[in-house]
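Structures are listed in the sections that come next.
Consider the two complexes below, in which subunit A is the common component and subunit B and subunit C are the respective partners.
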Partner chain A sequence: MTRDEVLNRVTGLIREILDDETVVLNETTSAPDVPGWDSFNNINLMIAVEKAFAVSFRAHEIEALRNVGELLDMIERKLPNA
Partner chain B sequence: MLFPTYLFAFFFLPVCLVCYYLLRFLGRPRLAILSLIGFSLFFYAWWNPGYLWILIGSILANYLLSRALIAARGSRPALTTGILIVGVIGNLAVLAHYKYWCLLGGDGACQNVVLPLAISFFTFQQIEFLIDTWNGRISAQPFTTYSLFVTFFLHLIAGPITRHSEMMPQFERPNDSVAANLSIGLTIFAIGLGKKVFLADSIGIFTDPLFASAASGNALPLLPAWIAAVGFTLQLYFDFSGYSDMAIGVGRMFGIKLPLNFNSPFKARNIVDFWQRWHLTLTRYINAHLYGPIAASVARRLTSKPNSFSYLMCVMAAPTILVMTIAGIWHGAGLQYVVFGAMHGVLLAAYQTFRWGTRRWRRLETFRQSLPAWLCVAVTFGFVVISFVFFKAGSVDAALTILKGMAGLTWAPAAPEILAQLSPLKRIALLIGQEELRNIVIHLTYGYFELLVIPVGLAIAWFAPNMQEFLSAHLSYQAEPDGKAASPVVYKVPPAKGRFDLLWVWRPNVIMASLTAGLVISALMKANYQSAAFLYFQF
Partner chain C sequence: MDLWLPPPPAEFRERLQTFAAANPAARLDGLAALASHNLSPAQTRLLAKAAVEAMEQVPADGLASSGYVKVPIRIMAEWTADHLLAPLVVAGLRRRLLLDIATGDYGSLHQSLLAPPEGQLPRFILFLLDVDRRLESVNTIGDAGASAQWVENEMAEIDKLALRATEHWQATPVFHNYISLGGNMFGNHDTAIGTGPAARARSMNAALSGAAAGGGLLTWDLAGLAADIGRRGLIDARLWHHAKMLISPDAAALAADQLAALLGAALGRSRKVLVLDLDNTIWGGVIGDDGIEGIRLGQGSAEGEAFSAFQRYVKSLRSRGVVIAVASKNTHEICTAAIRQHPEMILKMDDFACFRANWDNKADNLIDIAKHLNLGLDSFVFFDDSPAERQLIRQELPMVAVPEAPADPSFYIDCLAGSHFFDAVSLSAEDLQRNEQYLGNEKRRALSNETRDLSGFLRSLDMTITIRGFNGLDLVRITQLINKTNQFNLTTRRYTEADVRAFGDDPATVVLSARVRDKFGDNGLISVVIAKPVAGEGLSIDTWLMSCRVLARDVEKALMKALVDAARRRGAGFLLGYYAPTAKNKMVESFYKDQGFAPYREAEAPPAGATWWRLDLTDYAEPTIAANMEIVE
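For the complex of A and B:
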């Protein structure tokens, strides 16, 4: 899976969670840039990503994330065939 | 030692800065760090030398635990987790001992407890340090830098709650030039000093007696009740954010960028927004170590759909109310703090439930979008004011007395001695006794002039740019010391307000330098004859 594909899937997940089709993510987007991306929706996104990519995150990995790029790094690191 | 004193501003701080930079330029960075530890311990002991031993004991114990964690890390995971649990419980036990032991002493025993200064802040930072050591974020640290991380006088007393990984590497790679750091740092310090001395302390003159009056069982009429509640809300904000700004400013003078702690909280349009603007480093801490782990582990165990009501209640509502209640109890022993925390938990949960509803029903979303911004800001502010009544009042009864007054339920005219508590009214009442009509007129204007600080404070909180907007071009939290992007929650510097750019944006020039100097000196002169402690010290 290419990085763009991962980004597109993550974008799809956050759009579904926030019910907002206009959300556009890039490598440097962080939660405060996106209206409605609060701590509750952040957990929703993490759980959705875990399910969608069949990976699992630890609590300290989640809280250390600072932007979308770091989330993509973490997903790619954990993907089975990476 | 308090920041707004001549002793701090004209003696302690300059001597400390000169020592620090001199030792650095002489190529002795370790000695420079040792000198800062020495100055910090002196700063702490100035208050009450007896508590120094608690601080030093806590540092030693936590440092030994962190070394044990590093020794066991990797090879023996069960033992590592065991050490972490012992460390966290030990720290919390010491905190609980000082904060809640008084509850066993019966009624009123908790009113007069004097806590070891800053015990919450150094406990929180050290617990986070242990967690970060446990999960491998931090490697082995020399005892000196660890001691400085905990004791550094900037954030020791009332935050911002700083993380080892964001602060300590900056001592190895100082930011920017010394001249830039000193001028920007002093400006931030001056802004904080101004907030504290001219706004917070001026409001405290009449809020403190009003709350004291309610605590001793007197009913408050409508207007004084509102003055007390709105006044205290402003007082707490200017006091605490002023302290944070002063800490950030002094940090910058040493070339250290501390995380931001406030972002115009009263401009929040809903209660979630409020907590993303108020005491940012506490919100970050709670999300990282309490809400996040609890909510994620609940969510993984649930079988219900993520957009169902039961999921919302289990993953959002229950953990939010739990965590906010804990945060409330942390503020002190007493039912009023439980009410304060639980109230915010319930409000946050109610707002999230409303948002859940707007995603399901279009008409509700249309209604939400039709709400004018000023109404959202006003309603959010109203909730916050009511919650802070519980925060400030010495008991739930006292809080209810004030809320009754605010609701207009206190019909009986207030007794003269209560009116006398309010400083402007006090003069009027006294003068009426003396029947000096001419003086009444003079003092009436003077008395109400004092109250003007409330509308002025509201205008500043709602319409003026905040510290980071004012200095946005010069704060530049582009990256954290580890080279990664800066954590957005506490480092996001908003762009300056376009409309007032010319007027509001800070530049290193003579005008700004004179304004800063004038603000510092006038604030210190005012603070010098009315000493008032910072509100957040007692936590």
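For the complex of A and C:
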């Protein structure tokens, strides 16, 4: 899976969670940039990402994330044969 | 983790939009149909949003007639429950409960409860306690006294909260039970050794169950759900530490459905009738093709054992008061012969209150069974292995609950139990006898076909109607009847056990109940009347309801006579009656007229069509009653 494909899937997930088809994510997007992406929806996103990519995150990893790029890094690190 | 429901329709979003334009009741019907699917979290949120909008559009008096009931709930939480709200609204909608949820301030339990309630009082207060912090607040290992003391203190706090909810808010308190996140200190013998946090959680849950049995509170059995799906599936420790989410979003739909079922049961909205298919539902194979030797049931095959287990489960449901019926596309004689002759058959013909094996459309058969049993289709659960039949019933009779039966019969019990359609908050003597009573009805009907005139028929039954004033032993049954009787119910007012006890203890209020027995059996306590004093030396009938099992048996005449007597003893000169129409109680529209009351006035307050009636006791003409009447003071 390319990084763009990962980004696209994550974008799809956050659009579904926020019920907003206009959300566009890039490497530097962070939660405060996106209306509705609060701490509650952040947890929803983490759970959706875990399911969609069949990976699992540790509590401190979720806490440490600062932007979408770091989320993509984390997903890629955990994907098999990345 | 999935509910026992079909996958959502592909055109979910389109359907959500379609209903937006419909009138409020039609919109709720459309949304309720969507709610009966296994929705994704995102779909659940969208549906909950639409449902809350639709609820706001429904006028206050326009709900009852459409079969929906608005239920205000207050949540007082020590843990994060935001993610439960949408699943809870959807689970409520699935049961035609319009849950109107308000959340208190996070964490400040006693303070929230102290604040004077504004506006409408909630029907339920849901307490979400931080059971982890509470269990870990002390270390009692090796000290049984301290362990017991902790349970006692904890229970004292719960009693205090429950009492405040009941007395100051007139709400029924709901507590989930205790689960320990890491408190098993000794492994297999943790309970045997005791005194650890997990052992304390179990003692605490026993104490909570005791309080629930006493009627003081409701328990949301999260520990049971954890045992069913796995504790780690229910509680994700990461999300607990990260966000104080006790219930993982993955399990939110299941937990919310379980909670909505509890609230529904407390409101008397649980289902009453299980309608079963036969082929591949209670035995393996097709009786018409495979014959009695060919069907799979009982020992000899895994499939046969699974069907036996399911039959045993159904039989247990029957013994706790669920009415069992059959709707099968089959030749009647072939099925009855199989049930009578198959040596491994656990369900017998006498277990079915109604048996329809024919080649008619199943929707028509269900309508016919409802008529026959005198029960509404919205109290039905339909269980059938055929996806086509399930689809048909969902489309034709959307008020019937249709769980998605799994392909493997080994999971039928899990499906039916996990759907929570028959949840109960108490068990009465009448529940235990219900099926005998319906069976007695069958025999009475046979007799009535032989006897032409009604009074001759009634006399041939050798009926005794026993009427008594309020008695604490009847409290559970009276409250149960008040909360679940829909058809023969003049005012459809719902009361808690505490309310009923208060009426019973008030010497000015008349509380009467009636029992009927005849030569076919005892029907138990089947009718309740509550009348309160009004100005001008009269009694106003607050509640008059009766189980439809005893329609046209002169019970109402006997009760009216007893009420008139009681009114006269209190020096009253007249009775007032009030009829409030709902979607279901049209059968009693002319009740007061038939009892000799005169129209008094139109009601000013909703619902539309409500009427007041008056009977001057001097005008009361004593009727002939085709039964022996016993009055117990």
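To be clear about the criterion, the second predicted complex is superposed on the first by the 82 of 82 C-alpha atoms of A that agree within 3 Å, B and C clash if a C-alpha of one lies under 4 Å from a C-alpha of the other, contacts with A are read in each partner's own complex, and residues count from 1 in each chain.
Please note the rule applied: a contact is a pair of C-beta atoms (placed from the backbone, for glycine too) under 8 Å apart; a residue touches a chain by one contact, two chains touch by 3 or more.
This one's a predicted model, so the numbers in the text were calculated from it and none came from an experiment.
Once the two complexes are laid over each other on the shared chain, residue contacts for A:V55 go to neither subunit B nor subunit C. In the superposed model, A:D33 lies in contact with subunit B only, and not with subunit C. Within the superposed three-chain model, A:E63 lies in touch with subunit B and with subunit C [touch as defined at top]. When subunit A is checked against subunit B and against subunit C, the one touching more of its residues turns out to be B. Shared-chain residue A:I47: touches subunit B and subunit C both.
Within subunit A, the residues touching subunit B in one complex and subunit C in the other are 17, 19, 39-40, 43-44, 47-48, 57-59, 62-63.
On the subunit B side of its complex with subunit A, the touching residues are 131-132, 135, 137, 272, 276, 287-289, 291-293, 295-297, 299-300, 306, 315-316, 320, 352, 355, 359, 484-489, 492.
Residues of subunit C that touch subunit A in their complex: 40-42, 45-46, 80, 82-83, 238-239, 241-243, 245, 248-250.
Put simply, subunit A touches subunit B in their complex at residues 17, 19, 28, 30-33, 36, 38-40, 42-44, 46-48, 50, 57-60, 62-64, 66-67, 69-70. Contact residues on subunit A toward subunit C in their complex (touch as defined above): 16-17, 19, 39-40, 43-44, 47-48, 57-59, 62-63.
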